[in-house]
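Going by the order they are written in, the chains are A, B, C, D and E; count residues from 1 in each one.
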Amino acid sequence: MGFNYLTTIIFLPLVGAILIAFLPNLRDQYIKRLAAIFTFIPMALSILLFCQFDRSAGAAGLIQFEEKLSWIPAINAHYHVGVDGLSLPLVVLMALLGFLVVLISWKINLRPREYFAWLLLLETSILGVFCSLDLLLFFLFWEIEVIPMYFLISIWGTGRKEYSAMKYVIYTLFGSALMLTGILSLYFTTGSLSMVEIARGGLGMVQSIMRPAIIFFLLFIGFAVKLPVVPLHTWLPDAHTDAPTAGSVVLAGALIKMGGYGMIRLCVSLFPQVARDYATILVAFAVVSVLYGAAVTLRQTDLKRLIAYSSISHMGYVLLGIFVLGEVSLVGATLQMFSHGVITGLLFAVAGLVMHNAGERDLRQLGGLARQIPIIAVVFSVAGLGALGLPTTSGFAAEFLVFVGSFSSTVVPGIQVYTILAVLGIVITAGYILWMLQRVFYGPVLEKFNGVVDADNLEKVYMFVLVAVIMLVGIYPAVLTDVIKLGISPIMSLLGG
Amino acid sequence: MPHQLIWLILLLPLLSFVITSLFIRPFLSHSPKLSGYITIASICGSLILSVWALLEVLAAPNHELPIPDISWVIIEGGVTIHLGLIMDSLTAVMLIVVTVVSLMVQVYSQGYMHGDPGYHRYFAFMSLFTGSMLGLVLADNLLFLYVFWELVGLCSYLLIGFWFHKPAARNAATKAFVVTRLGDFGFLAAILSLYFNAGTFDIAELHSLAIAGTLGGAVLTWAAIGIFSGAVGKSAQFPLHVWLPDAMEGPTPVSALIHAATMVAAGVFLVARTYPLFAHSVEAVTTVAIIGGFTAIFAASMGLVMTDIKRVLAYSTISQLGYMMLGLATGGVAIGIFHLFNHAFFKALLFLGAGSVNHATGTFDMHQMGGLRKVMPWTYATFVIASLSIAGIWPLSGFWSKDEILASSLGAQPVLFVLAMLTVFMTAFYMFRVVFLTFGGDYRGEGKPHESASVMVVPMVILAILAVVSGFWNVTGGFSQLFGHGETQSFARGFFGILAHPLPWISLILAGLGILLAYAMYSAKWLSAESLGRLFSPLYTLFYRKYWFDELYERLFVGKALINGFFAGLQQFDNNGVDGAVNGIANATIAGGRAIRRVQTGQLQLYGLFIGIGILAIVLCVYLVG
Amino acid sequence: MGLEIAFWLLAVIGVVTALAVVLLPNVFRAALCLVACFIAVAGIYVTLSADFLAAVQVLIYVGAIGVVIILAIMLTREVQRGSLANKLYIPALLVAILFFGVVGFAVINTPWQIAGIAPQEPTTSALAVKLFGEGGFILPLEIASVLLLAAILGAIILVREK
Amino acid sequence: MNLELFTPELTLVAFAIGVILLDLFVQRKGLLVIVSLVGLAVSAGFTIALWGGSAQAIFNNMLVVDNFALFFKLLFLGIAALIILTSVDYVSKFARFQGEYHALVLLSTLGMMLMAATAELISIFIALELTGISFYILVGFLKDSKSSEASLKFLLLGAVASAVLLYGMALVFGFTGKTQLGEIAQVIQSMPPGGVLANPALILGIVLLIAGFGFKIAAVPFQMWVPDVYEGAPTPVTAYLVAEEAAGFAIILRVFHSIFGLPHWLSLEWGLIFAVLAAIGMTLGNVVAIPQINIKRMLGYSAIAQAGYLMVGLATMGFAVGTDALGQSGLLFFLVSYALTNLGAFIAIIAISNKLDSDLIDDYSGMGKRAPLLALGLTLCLISLIGLPPAAGFMAKFYIFSGAAQHGLLWLVVIAVINSVISAYYYLRVVKVMWLGKPASESKVPSSGALRVALALSCLGVLLLGIIPGYVMRLAELAAEMFGF
Amino acid sequence: MSIGLEHYLILSAVLFSIGLYGALAKRNAIVILMSIELMLNAVNIAMVAFSRYIVPLLLTGQVFAIFVMVVAAAEVAVGLAIIIAIYRSRETVDATQINLMKW
């Protein structure tokens, strides 16, 4: 394995960021091209990775494309990256979005130099989170993301952007603070920072020093803030709403997936027993998130805010899928993370387009745009239908797997009831998605929007790509599930399931 | 020919969808007709294949053709989901229904949609729908079926909202989708629980398990009821019937195809498809019967008073679907499906007729019509045939299937039988009310109506023929035979022998009375509709306001209770409760900072004092603790 | 016996003058009391048979520090304005008393390892050895010299005009 | 007695005096800067030369030369060098006292180096006072009202504190009859194990020592001088104060590790005290820093908070059993990264306020436009102060907290991490003002080469410590293990 | 009873507390300085007493005391210098007036 794929994928955007930030007198166009190049290569590589990934059953639980070298001997930390079935899809997702958001931001003309620098730095950090197998490295990447996001929201955002940005930072830091404590406890109880080792070694000795449940929840809260889980969710609507389009896309598309990923990677894999013990409560939280999120979404009148709230509900499915601790449900949860990433990413992208072109974001003021901007309307509808879990979109495949998995879970008593309640969520979802669609695109054609322009070719490109991904995964999910299950099966063996 | 070809039946229309939407619409929009032709061609292909399939099935020993599966998702130790087709008599019949009606409608649409800006879109959706509908009837496992189930729902949504700039249309579309989704929720839950208990999505396996009894008791009942709730949603049965009348906002051919002949019948089909599950649960089957019977008369009652021709037809559809449910529940698959089979043709025909009328007069309000029989004879003739057929007049197709349903319901549920009989009367009445108001008397609207173009008339004629003859299939008992029960008899014997029984006569008489009443009120004007309306004014308003169900659901339930009530509360809680707490903590910290900094007065001796106090505090703590 | 009397006498003088320092409103008098207190302390040293130290005390404190302080008082013309207590004197008093209590408690309740031997006298030469001799406190001495250098620098810088 | 172990200090004295004399003759004051830097460099050279050897003691065990001391000496020399670089422009404010300024910087460095190295109460006290007095003077160097006020407060409170410290030393001395740390340790450990109350004087002595040293390290409740002094002092001196704090920690570490390290019940005693003080300190500092409008004052409060984090290391040392040096090494590493970060921040502030003549945060509005690089540097340092990667502060916190967590101080760690969340709020406020605020004027903010170099150096250091801290951590470990009392 | 270590220690404690009070309670900066001198003297008494009673032959305490005196002198010098500087700029040495910087 000569070529260090992952390192390249992770750090190319960083290199790009540095170049963009410090190269003297760059013209805006070059900045954008530079950004495009330095995100396109990682995307291409990640797709290459995806193709090269060993899907044979023998590869179950194997870390592939692993790179490991000593980093901080003093605390026995390593630069240790690698992907397995669990992280690979998310890496691909982020790399994909990473490139597309550059296209999405093509029209940014306010301080582009800083903008794209931050954007690329952000991509590096998220990719790093998904790739790193060393707790310290993981946490390092996890924290790096905060600052770029802060700037993206507070400078290029809209509305109460500074408030939202600060809120985002404080919330995230709060979560990661507890997470840090958890990681530290994990470190000194096991003496290791390697996720692989800890997972393999189990936590026999932890018992003696401190209750694993404490560590589990310290970590869990950290991830719960990101995911987000009601009632730790209130940063999300503000941040998503006030962030610039690209910011929202990354936030919803990849960033909040770090939470779900962390839960599977750390909480479940390292503490199977604790997860089992507390599954019921966590599942209850999941159902609450689903229904509560959906209900509140139904009340939103701001285009982006509505989409933002819908994320809460959709991430509830992820939580459900994770903590019913079934193989199918976990696969479903991972798939849901991917599919939500693509779908909501697209939704935000198109919503941003609508707002940019029509100059209006209040659903009560919008209407009839399907006549003026048919292409955007079609794409928006496809994304929306994906969000409401229509078959042949990835959303359906993912949610269905979650449902099947959780319904037949053996861990949580009375899980059927929970599941049914969660399923009820899709009805409400249909409600608000269609309501949004009809408010924006249907109804009498309004004079004031006559000048509104439809998507240009650049925008068509990323729309088409995302739509294609949605449909592909929806029609033939095996393309992902075959990979994901390889990452999940070892966890199942840990769970003794 | 290899049986894999059957995949083509559903793939052809989907293909035409892809072609029209991805290539023709963007690149060849200047030649609108093209997409129509492609659609028709593809459906023709499906039709031919369907006929071939039907013949194959008829030939096959147990009326079933094996078709290899395709694996969709496999998670070892988890789920294994295959996609496969089932090709049995039920499917075969449904295929014929769908393809034939669809084809007719497409041809008709050539004329009806002529010059509409959304011409491409229309045919794209239409072929998508046809493909999905065919997939729905072909699917061999519940998941796959559910996929197409949702897709047809989507198409219905898209086509109802086809004229999206009409607020009524867009609301109707959303309403239709959400209401059916509500039913689908039950369906999905049922699928999950079935998978949980039986470990499979495959319908055949489920059947065998149900028959073997390994799958039974409450589980089976609930699963069956869950499935039925899906059917209730799609087939607009009570209490989820409210969406169908509004759905009439879509183009009329759409109503003919989707909201009369095929999609709404999918509910009936679903129940038939999973019939063994129902058969082994008394509760389930009774529920179906009661809902069906009640819906039949309930809907009919509203059909009596509507002035919008399409809405009358819509209610009649609901009522007829109720019949089918009733037939399924009481008489088994064959009877229910047979009515579905016949109904598809004459109801489609009725809608096409309505469409043709509307095309001529530009309205659906029957008060704006009248006297059209002179100007549009073809439409008139076919419409009357269809009306007679739906009214169940011997020997038209409606008679045969309806008769069987009545017979079986008499055997099973006398009460329901009575309701059904009343419905027969009502049906005859409102249908001929339409006939007389529309075609009888003199023209009340403005403009000069004229007969529609032949491209629209021909399909109607074909359907009219079918509406007459389709019923004959089971005169010999051949249809039931196909479903493996009933014995065959000579055509002549069945054709006339039926009249030897009393039951048909009762229904015929009731129907006749209905027609007579309609004639009396709306043609001969022996008694005035108004006075009658005044006479039964409470009843009239009750019917006319649709039992206030729309108000109940939309205003009260969804509007007040949920969205503006509970959800609004949640939102308040979210903003003030949860988020308020968050901000509260933040502000508290800041306030704390402001407060504490006051201690730093700049008095150096105060600082010194703190040093002293600090020392003392520490020492005392240590002494007292230690 | 003489020792006791001497101690008590000096102690009383010391305490009284000290109190005077912190209580007298007139700065000038306070300064004088301070000097007196220094002298009393010097006496205390004598009773502790630290003759050289006593001498140094007189030289440095009385001679140097006392004079400098009085000089400063003159410079700042604070005599008339007097030196009053600030608002904090009550808590200050409490703290002082409590502190005394604590120290007293500690001192009384601690088993000191008292060596019964008589102290060596005279101390001057011994101290010289201690400070400069082999194994003596040379390091602090050197640091102290640097410290004084710094102090002189500082005094100059701070007092001189810009 | 081999004096080469004493060369670093001697060099400094020589150069200090040299600078003073030179000042009398040369006109180009720039020369002083170079000479001082050379002095520091030479001294550092000697220090490095001594590194790695086993612990030795000279001046009959009053001065110890061990890795611990050398580590700190290097730290102080480095800081001093940066400070002198930083002051290049600023000294113009000191009119004709530039020579004295540099001399005093060198002398104070000497004092701190001695603080880190002395192992005998009297010497410790004198070294402490040398440092203290030099700093009193430096703080008052501007001689304007604010500066003198700060100096007076610092001096009077410092004097009280050192009186208290002396009293503590007196009690310890009286209790053991020794002033050598080593001998004192022997006496205490030879004592029969008894309850605390058996010898209250010792406990009182310990507490008074904590108070005396606590004043230097800005530990609650002896920290109240910090904001005023930070605000009033000349900015380079304010930056320099971090070194004094570090020196204070050096002494505390040495004294408490070697004298009171054993018996364990004793170390638990003061370990807990430090833990509690740490918790209060960080919370207080962070909370009160929020409403500040003067950046120097804000950083003063933040210094209190950081001292709280540092004391987590002390507490850890108290709780650690046997030879476990995690607390110390964590503390040392934290000190290095904190010093670097703080310096970086102040260098940027100096550069900016040289032009603005204001320390108000609001006046930093739009610095992102007017001085992008300065703003970037300041931002990096503030991020590091929050404790976010990829800056040094992150690693430092991780390291020091891991030690604490390891010795059952999880509660303290939780408080600490929550605190760093609070701190993000006010640190980021500065960042926000700089990058989001609209500039008061379009004019760029120039900065001298020396400042740029200093800023670049410290930022580089911050980044390196944040990304590849391994080497420095190793040094810290060596230093922490090599305690020759 | 004969005079013992405790007596001297108590005396030093008394003087120290008096000094502490003065340092905390007096307005005049110079008096504060004086009070601090008192505290230092108190410490010295303790030192010498310890030296006398604990280690009669070593005189360590006396050495300590000498150094304390040196430091005291230095502090006084610098302190007064600062006070005078302040007095120049503000015409007052009242510690309660010296509170430009607060909060």
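Convention: a contact is a pair of C-beta atoms (placed from the backbone, for glycine too) under 8 Å apart; a residue touches a chain by one contact, two chains touch by 3 or more.
In this text, all values refer to a predicted model and were calculated from it rather than measured experimentally.
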item	value
Any chain that touches subunit D and subunit A	B
Distance in touch steps, counted as few as possible, from subunit A out to subunit B	1
Identity of the most central chain, Cα criterion	A
Between subunit D and subunit E, centroid-to-centroid distance (C-alpha), Å	26
Between subunit D and subunit B, distance of the C-alpha-averaged centres to the nearest whole Å	78
Centre-to-centre distance between subunit E and subunit B (centres being mean Cα positions), rounded to whole Å	97
CA centroid of subunit B to CA centroid of subunit C, Å	103
Residues within subunit E bordering two or more other chains	9, 16, 19-20, 23-25, 32-33, 49, 54-55, 58, 60, 63, 67, 71, 74-75, 78, 82-83, 85, 95-96, 98-102
For subunit A, residues that touch 2 or more chains besides their own	170
Sites on subunit C at which at least two other chains make contact	86, 88, 91-92, 95-96, 99, 102-103, 105, 107, 112-113, 137, 140, 144, 147, 150-151, 154, 158
Listing of all chain pairs that touch each other, if any do	A-B, A-D, B-C, B-D, B-E, C-D, C-E, D-E
Contact footprint of subunit C on subunit D as seen in their complex	13, 17, 20, 59-60, 62-63, 95-97, 100, 103-104, 107-108, 110-111, 114, 118, 120, 122-123, 125-127, 129-130, 133-134, 136-137, 140-141, 143, 148, 151, 167, 171, 174-175, 177, 197-204
Residues of subunit C defined as touching subunit E within the complex	3-4, 7, 11, 14-15, 18-19, 21-22, 27, 30-31, 34, 37-38, 41, 44-45, 47-50, 52-53, 56-57, 60-61, 64-65, 68-69, 72-73, 75-76, 78, 81-89, 91-93, 95-97, 99-100, 103-104, 107-108, 112-115, 117-120, 123, 126-127, 130-131, 137, 140, 144, 147-148, 150-152, 154-155, 158-159
Subunit B-touching residues of subunit E, taken from the complex the two chains share	20, 23-25, 32, 95-96, 98-103
Complex interface listing, subunit B residues touching subunit C	603, 605-606, 609, 612-613, 615-616, 619-620, 623
Residues of subunit E touching subunit C in the complex	2-11, 13-22, 24-28, 30-31, 33-35, 37-38, 41, 44-45, 48-49, 51-60, 62-63, 65-67, 69-78, 80-85, 87, 93-96
